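What follows is a pair of complexes built around subunit A, which joins subunit B in one and subunit C in the other.
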Partner chain A sequence: MNDQPSKTISILLTLLSYGAVVLLIVLPVVLILHEALRQGVHAALETLKDPEARSAIRLTVYVTALVTVINTAGGIAAAWTLTKYDFRGSRFLVSLIELPISVSPVIAGLIWLLLFGRQGWWGTWLAHHGVHIAFAVPGIVLATLFVTFPYVTRTLMPYMEQQGRATEEAAFLLGAGFWRTLIRVTLPDAGWALLSGILLTTARAMGEFGAVAVISGHIPGVTETMPLHIETLYNGYQSVAAFAMAALLVLFAMTTVLIRMFLERSFRKQHL
Partner chain B sequence: MSITLKDFTQYAPRSSRKLLDDIALTVEDRSFVALVGPSGAGKTTLLRAIAGLSSHSEGTLLIDGIPIHDRPVQDRGIGFVFQNYALFRHMTVARNIAFGLDVLPRSRRPDPASIQHRVTELLDLIQLPHLAKAYPDQLSGGQRQRVALARALATGPRLLLLDEPFGALDPLVRRDIRRWLRDLHERMNLTTILVTHDHEEAMDVADTLVVMQEGRIVQAADSATLNATPATPFVMEFLGETLKFPGILKAGRFIPDNQDVAPFPFEGIDGRATVLIRPHKVALVALTGNASVERRPDSPNGLFRYRVLTNSGDFEVTSPTQLSSEELQNVHIQISRGKVFYEP
Partner chain C sequence: MKNVSSRRYVLKGTLVLGAALIAGSGLSSARAADYRLLNVSYDPTRELYGDINRAFPAFWSKTHAGDSIVVTSSHGGSGAQARSVLEGAPADIVTLGLAYDIDILAQNGLLAANWQTRLPHNSTPYTSTIVFLVRKGNPKSIHDWPDLIRDGVQVVTPNPKTSGGARWNYLAAWGWALRQPGGSEQSATAYLKALFAHVPVLDTGARGATNSFVQRGLGDVLIAWEDEALLASRDLGPDKFDIVVPPLTILAEPPVATVDRNIQEHGTEAISRAYLEFLFSPEGQRIGAKHYFRPVDPTIQAETASVFPKTTTFDVASLGGWTRLQKAHFSDGGIFDQIYSH
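Let's look at the complex of A and B:
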């Protein structure tokens, strides 16, 4: 008996997946570029020179860089602790780490607002001491941190689990301390998984809208990140500007994806 | 390097279950010791404890008379070879071997040229000089094993601990590496402790066998002593094929339950007992009993195998000489060369 799917079916399935990719991924990107360039490259580039647009780009780059660094460190620590140590409540912590993926980002934003907003629990006290979190950059960073926390941890954990403790114990017995073992043995070995997690965090941090929209207060030129600014522009019927900004954001995202692909390929080559 | 364990007990994490139960063991400097026993006996746990890898323990563990945790890892002089080798996959063989030197504090780290020299030396020692730039994934099991060994030896340890070092190797390679390891042990004046579940391997390579069962040491002695005076039926059964004959001790005689087996004189306290005997020590006396014997077709190691049929069960014995067909009739079985153990 021949259990292989027939040739027609496999061709059909291939066409279907290509169709889906074109329809759902390529087409929107092309449309964005088309809209952005409707009045020519020059007009599109001009819109990006607007001070508010520049402020949005700067803010997004700043927040993304900061969040990626913090969540990489935090994610490594969490993944390491949760896989290498078996302690009471570790399973509960693992499911808790995934919370930001399942909870709507808007709710995340609301939580921070509830804590740090002017009417929030700590808002008055903080404002009294001159610390501004809600409707300010620290709030945006906090919201983005929350939303992107799971990525490094979740991509590292399966890898570290499969690593086991033996190589770390070997490094320890050869005289390497905790940091050396982490930097020279554990992380390089998990290299690809770690990079993948970092790049996912970067991409997600750049695009975050919901949580940031709630906590930032949407102040153009001050607390507007690129996604928020795109919305403002679009609602203001400045569609060329909106799509130019959108195209830039897509470019950023695609760069991270390409870096990821490139690194994966070179990593594979090195190990096979 | 000498090791002393006294009243050493180790618990499973977060429970009161004992993985090692009241261990007392002395390993002399430059001796070669094998920890043997069935899986789950605590061999690896004990080896890890000696390496200082375990927590949740109480009792004394001295290395050269000093508690193990009183000395920083770099100064302990312990080389450890893991069961699955635990090589660093992202490093070349050369970097793997150099690791222990690379991570020394700067004041004591040899310069790169000396490290390189040492690595070359070790690669020659393990007979893999051409594999310096290979990655562990590209090596065979035997090669990985030797690289792991070279890595453990790089810092010049005086105590070498090996966890099932021959486990994943094919029989021919196993024997070679065993010989080579023994040789290395002599040449480098090492104290070596290895874990294995294979008693023949242990007897071949080690001076002292530590037989373990359920977290305890049952007997620690050289193989001649273990063979001559096994401490418990378990030790005897573990060290080779064994036949069991339950019976009763009465008035200076052991009387087997199996009526085809001859009683024999034995001075001891009256009560239930069991005779354990190696198959080749059973004597068959023709024409005096009721058992019959069948010749088995194959003869491993030049021994002839016979199947003995009695009214209360069959068993197999071996004999260095071939029995004639008359000798296979109406056989009487003598087991007086066996060991008598009282039943608890």
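Let's look at the complex of A and C:
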């Protein structure tokens, strides 16, 4: 008698969440695919062969790979430092690391423009020496690094905190060096968290629009990533090309999510 | 042990490689006879410069056989694009919506102050004008500027703070109001205030506004570049839209220039100048007319006269010139801020 109303509520809530997911996630994805394939699969694939489209895909893959590698290394270092050592200001450091999550991506782009733009602090000096950062690939890498910086640290920290320090201290006492301890003891334990953080970083890096848009200059074939190229195509009335590219980006993102789900499941099986 | 140390090298190697890639990709090397030009342009010229960029290499090859040339264009709101070039976007050429945006670059030393006298027709290879795009059959019977402020009419125009096209729209309305019997700055301000009360959204660029009107079906009338309106009505939906040319409107002159500082750095002086000359050549003028930009060459004008509706126009100089207009209307606290905030 007593759990009857709560059961109704739970069914209602489940239906509601499925409804929301269908309405807000499944439907838009289906619409994107529908628009992309309006003139057939062949026409959609043809648009992806365009040199500017290929350049955008290459740039997105390149930036994502580079950013993921750098932020994984940086994220591990930050999480290790913050959980295994006590020092003054560590709380403050955590807040700083989280900053990119709360700051609008437009600001992330503007920061780099303030530093490396021709009107910025170092831009003129750098340009004089033939180094181009704003409106070139390095600027896009920096902007993406900034917005994806927190993910590995944030997903690793709770696991590392849970681990405590006993295993590392034991490893050190038994004569393992820093790297050996990190690679053999700490990371395998936090494996799932680390992979989850890496995949989050990858997904976010692929999709970043705002920060990149500010510093890229929208040069097709040179500094346009996939999200930027989608906008350019859409504004040029090339709907099929725009949605084909969008569908490809969605595919990339879904692959990342599926890998994450699969890994999570196999990890759970292993540990439960 | 070996295993650990080799992993260490892999990690270090990845970091070094990453750093090298960052540094390396920023360095550009220009080889002779292998040109990459960047034309930083405004919103509605995407199709025009797509064609120009494909046609220009053949024009250049007549005198410089064997060179390899890739021209790319970047598009956005005119003001925003000027800002990018100012911040260091590597434009060889700027083809913007209005002279004021190139003046700003000149003020910051990117090109000579007298840039507008270096090419014919005030460095304007084509002109345009401001017209109305309405739904098929003109259901709200819009024919002239006063019709825009009738009850129940929704007007789509972008934000004049960010869009060059929007500034032309605004000044067309301003100039028309000034020229009415008993017209004064007060009566023109009152007209603009009434007009912007009919604007439901302010897009940042002309193309965004066209998309709002054409693809999202917003509003009853789009104030637009003639070329944008002709593109929308003839190519996107011949059975969906009509063009209304008001009896009096503005002569829009979007100018072009080479960015002197950048072409010196890139070693692209000669070819960038040739690109601009190509715009004034008969072939360039015909490509312009094909995309509904009014040619300035009298021969091509005669050839393409049937494409363009006749109307009476006034130019920006007759309203006081860009520097004065910019300060009075579009600066912070200017007339636009006053009419739009109330």
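The definition used in the following text is that the second predicted complex is superposed on the first by the 267 of 272 C-alpha atoms of A that agree within 3 Å, B and C clash if a C-alpha of one lies under 4 Å from a C-alpha of the other, contacts with A are read in each partner's own complex, and residues count from 1 in each chain.
Here is the rule we use: a contact is a pair of C-beta atoms (placed from the backbone, for glycine too) under 8 Å apart; a residue touches a chain by one contact, two chains touch by 3 or more.
Small disclaimer: the values here were computed from a predicted structure and weren't measured.
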Using the overlay on subunit A, decide if subunit B and subunit C clash or can fit next to each other. fit
Where does A:P188 make contact in the superposed view: on subunit B (first), on subunit C (second), on both, or on neither? first
Determine, under the contact definition given at the top, whether A:P100 touches first (subunit B), second (subunit C), both, or neither. neither
If we overlay the two complexes on their shared chain A, which of subunit B and subunit C does A:H218 touch? Say first, second, both or neither. second
So, A:R180: does it touch subunit B (first), subunit C (second), both, or neither? both
Does subunit B (first) or subunit C (second) touch A:N235, or do both, or does neither? second
Comparing the two partners subunit B and subunit C, which touches a greater set of residues in subunit A: C
Of the partners subunit B and subunit C, which touch A:A73 in the superposed model: first, second, both, neither? second
Please work out whether A:F172 is in contact with subunit B alone, subunit C alone, both, or neither, and reply first, second, both or neither. first
What is the minimum C-alpha distance, in Å, between subunit B and subunit C after the two complexes are superposed on chain A? 5
Determine where on subunit A the residues touched by subunit B overlap those touched by subunit C, and list them. 177, 180, 184
As the complex stands, subunit C meets subunit A at residues 4, 7-8, 11, 14-15, 18, 21-23, 25-28, 38, 40, 43, 46-47, 70, 72-76, 84, 86-90, 108, 207-208, 211, 236, 265
In the complex, the residues of subunit B that touch subunit A are 13-14, 51-53, 73-74, 78-80, 82, 84, 86-91, 99-100, 103-104, 135, 137, 151-152, 154-155
What part of subunit A is in contact with subunit C in the complex they form? 52, 66, 69-70, 73, 113, 116-120, 123, 127, 130-138, 141, 177, 179-180, 183-184, 217-222, 232, 234-237
Which stretch or stretches of subunit A touch subunit B in the complex? 86, 88, 166-167, 169-177, 180, 184-185, 188-189, 191, 271
